[in-house]
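Okay, so chain A shows up in both of these, paired with chain B first and chain C after.
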Partner chain A sequence: MQITTARHAHVTVVAVAGSIDALTADTLTARFGEEVLSGNPRLVADFEGVEYTSSAGLRVLLAAVKAARQQGGDLRLAAVRAPVLRVLELSGFTSILKCYADVPSAVASFLG
Partner chain B sequence: MTAAPPLRARHLPAVRREDLAGVRAFVAEACRAAGGCPAACEALVLAADEVCANVVLHAYPSAAPGPLTVAVARVGDDLLVTATDAGPPFDPTRLPPVAEPRTLEERSPGGLGWHLVRQVVDAVRYERLAHGNRVTLVRRAGG
Partner chain C sequence: MDPIAPPRVPAAPAASLPAPPPTRRRLALVVGSGSVKCAAAFGLYRALLREGIPIDRVVGCSGGSIVASAIALGFDPETCMRLSAALWTREATRHPDRLALLRILFPRLLGFEPGRFGLRRDTALRAALEGAFGGRTFADARIPLHVTATDFHTGEQVVLGTGSIVEAIRASIAIPFAFAPVAHEGRLLIDGFMSDPLPVNVAMREGGDLIVAMGFESPYQSQVRSAGRFAFQLSSVMTNNLLKASFAFHGLAHHGEVLLVVPRFEQRVRLFDTDKIPYIADVGEQAIAEHLPYLRRLLAADPATAP
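And then the complex of A and B:
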C-alpha cells in the first residue's frame, strides 16, 4: 500500500493505492490521525488506487471519520472502485460516509 | 455430482500479517482453477482474509506465531475454503449477529469482519480439532 498526501487550502487529500488489510491498516490509520491532530480534519480519501479492502479498512475509515467529525471536519471518499464499494455497502458504511465520483467533486463538497 | 478436483492447500508454519496477501492470491487462484465465478472468488478471498487475519491477530501471541493451513476444494456445486489453526478454541458460528447500527456513534469496530464473512458466503462451519480449530467457508461456485 502506498499513501500520498496533498494539502490544499481547506482540504487534505490522502491518496491510497494497493490493498488495505490487517497488515497495512495501521499505517493508514496513523496517516489520517496525523492529519486530524495537525489541524486538518477536512479529509478526502482518494481510493482510486485501492483495489481491495477487508474489514481492516472499514475500521480505518470508522476511526478516521469519527476523529475528523469530532474536530469539526469530515472524511469523504472519492473514486471508490466496485469491489471496495461492495464491502462498504455490505457493512452499511455508505450510509455514514459520503462518496464522490472523483477527487475534485469530493474537494468541492467541502467548499459549499 | 462431478468428481472433485484435487484439493489445493497452502501451509504456513508461522503465520504473520505479511502472509495475508499471499493467502488472498492463493485463494483467488485456487477458486478460479476450481471453476468459481468472479463473484464467488471475490467473496471467498474476502472471507478467507477475514478468517486468516483473525487467526494472525487472536489465535497466537504476536511474538510466537503458529501454524495456519488454508485449503480450497470443489464439492459438487460448492467451493469450500478451510482454514485450520492450532490456537485456543474459537467458534465464530457462536458469535451473536451484529445489529445494523444506524448512526456513526452506534458503530463499533468490533465484529465487522465476521459480519462481512457471514454476508458474502453461503455457510460458515466450525470444527474443534484435538489441537486447533477448523473454519470452513462454503460458497456456490457459480452465480
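And then the complex of A and C:
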C-alpha cells in the first residue's frame, strides 16, 4: 500500500493506493492519527487507487472518522471504485461517511 | 454485614505465563441465505480446494444451509452441484396446502396453528432432502457444521449443530408462509434469514479467525402486481437492511478478518433456475478470485505457516 499526503488550504488529502487490509491497516491508521493529532482533522481519503478493502480496512476508516469528528473535523471519501464502494454500502459505511466523485468535490465540501 | 471477601487466587507474575504457541488462523466459511444463488458457494469451495486452503468450520443459513452441509460432509464440488440441482425444483414446492389457505380465510372456524401454517406441503421437499443427505447427522460432518434457524416466538437465532442434518436444513429453510415451522426441542423454528441472513456471528463465537462470508442480497421486484409479489418485496427490503446492519456490526466487532464475498450475477437467476447452477458456481468462483491474492498473503503471513 502506498500513502501520499497533500494539503489543500484547510483540508488534508490522504491518497491511498493498493489494498487496505489486516496487513496494511496499522500503517494507514497511524497516518490518519498523525494528521488528526497534528491539528488537521479535516481529511479527504482519495480512494482512486484502492483496489480492495477488508473488514480490517473498514475498522481503519471507522477509527479515523471518529477521531476526526471528535476534533471538529471529518473524514470524507473521494473517487471510490465500484467494488470497494459495494463493500462500503453493504457494511453500512455509506450511511455514516460522505462520499464524493472526486477529490476536488470532497475538498470543496469542507468549504460549505 | 461483612463484605464478601474475594477468593484468594495466587497471582502469577505475567512474565511467567507461557506464550501461546503460534497457531494457524482458523478459516470459517459462512454461506448466507439466497435460494438457488447459494450454489455460488460451490464455486468458492472449488477455488479454495484448488488453492489448498483448508476450511475449519462451515456455517449455513436458509439456502446456504444446504450448501454448507454438502461442503461439511466432504462432497466434492461436482457432487454438490448435482445435489443442489436435485433440491431446488418446482416439484419441491408445487403441492399447495389448501387447508392452510382456508385457515387464513376462516381462522376461527378451522383453527389457526402457527406450527402447522404453510401454504405448501413439505412432503416433496423432505423427500428431496432425504435423497440428498439420507440419515446423515452432524456427527458425520468432516468439517464442524452449524445451521441457523430462528425461534418463531422470540425472534432469536437458533444454532443447530447436533442430530439430523435434514431436520436442521428443513428448519433453516422454513420460509414464512411457504413452509410450516419446525418443532425442535420445545421451540418452533422458522427460516434462519429472519434472524440473520449472513450469520457471521456463529463463526466468530465458534473461534473462526479468518471468516469468508458469502452473502446475497434479496432481489427487488421489478413489478408488483399481486399480494405475493408485494410480500416478496417487503421481505427483500427487510432482509437486505438486516443483512447490512448485521454485517456492519460483525465486521467491526471481529478480532480477525471477515472477507465479504458477494457474487454479481449478470444473468437473471430465478428461484428454480437449477439449469444455471454451473453458471452460478462460476460466478461464485469469480467472486472469491478477487479476494484470493489477499487471502494468500494473509495465510503466508501466518506464524504457523510462514517460512
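Methods note: the second predicted complex is superposed on the first by the 112 of 112 C-alpha atoms of A that agree within 3 Å, B and C clash if a C-alpha of one lies under 4 Å from a C-alpha of the other, contacts with A are read in each partner's own complex, and residues count from 1 in each chain.
Just so it is clear, a contact is a pair of C-beta atoms (placed from the backbone, for glycine too) under 8 Å apart; a residue touches a chain by one contact, two chains touch by 3 or more.
Model, not experiment: these values are computed from the prediction.
After superposition on chain A, the partners chain B and chain C collide with one another.
When the two complexes are overlaid on their common chain A, residue A:Pro104 makes contact with neither chain B nor chain C. Shared-chain residue A:Lys66: touches chain B; no touch with chain C. When the shared chain is aligned, chain B and chain C each come close enough to touch A:Pro83.
Among the options 200-208, 218-226 or 236-244, the segment of chain C that ends up inside chain B in the superposed model is 200-208.
Common to the chain B and chain C contact sets on chain A are residues 19, 21-23, 52, 54-56, 58-59, 62, 83, 86-87, 90-92. On the chain A side of its complex with chain C, the touching residues are 19, 21-23, 52, 54-56, 58-59, 62, 83, 86-87, 89-93.
The part of chain A that touches chain B in the complex is made up of residues 19, 21-23, 52, 54-56, 58-59, 62-63, 65-66, 69, 83, 86-87, 90-92, 95-96. Chain contact summary for the complex, chain C toward chain A: residues 215, 217, 243-245, 247-248, 251-252, 254, 256-260, 262, 290-291, 293-294, 297-298, 301. Those residues of chain B whose C-beta lies close enough to touch chain A in the complex are 17-18, 20-21, 24, 42, 45-46, 49-50, 53, 56-57, 100-104, 107, 109, 112-113, 115-116, 119-120.
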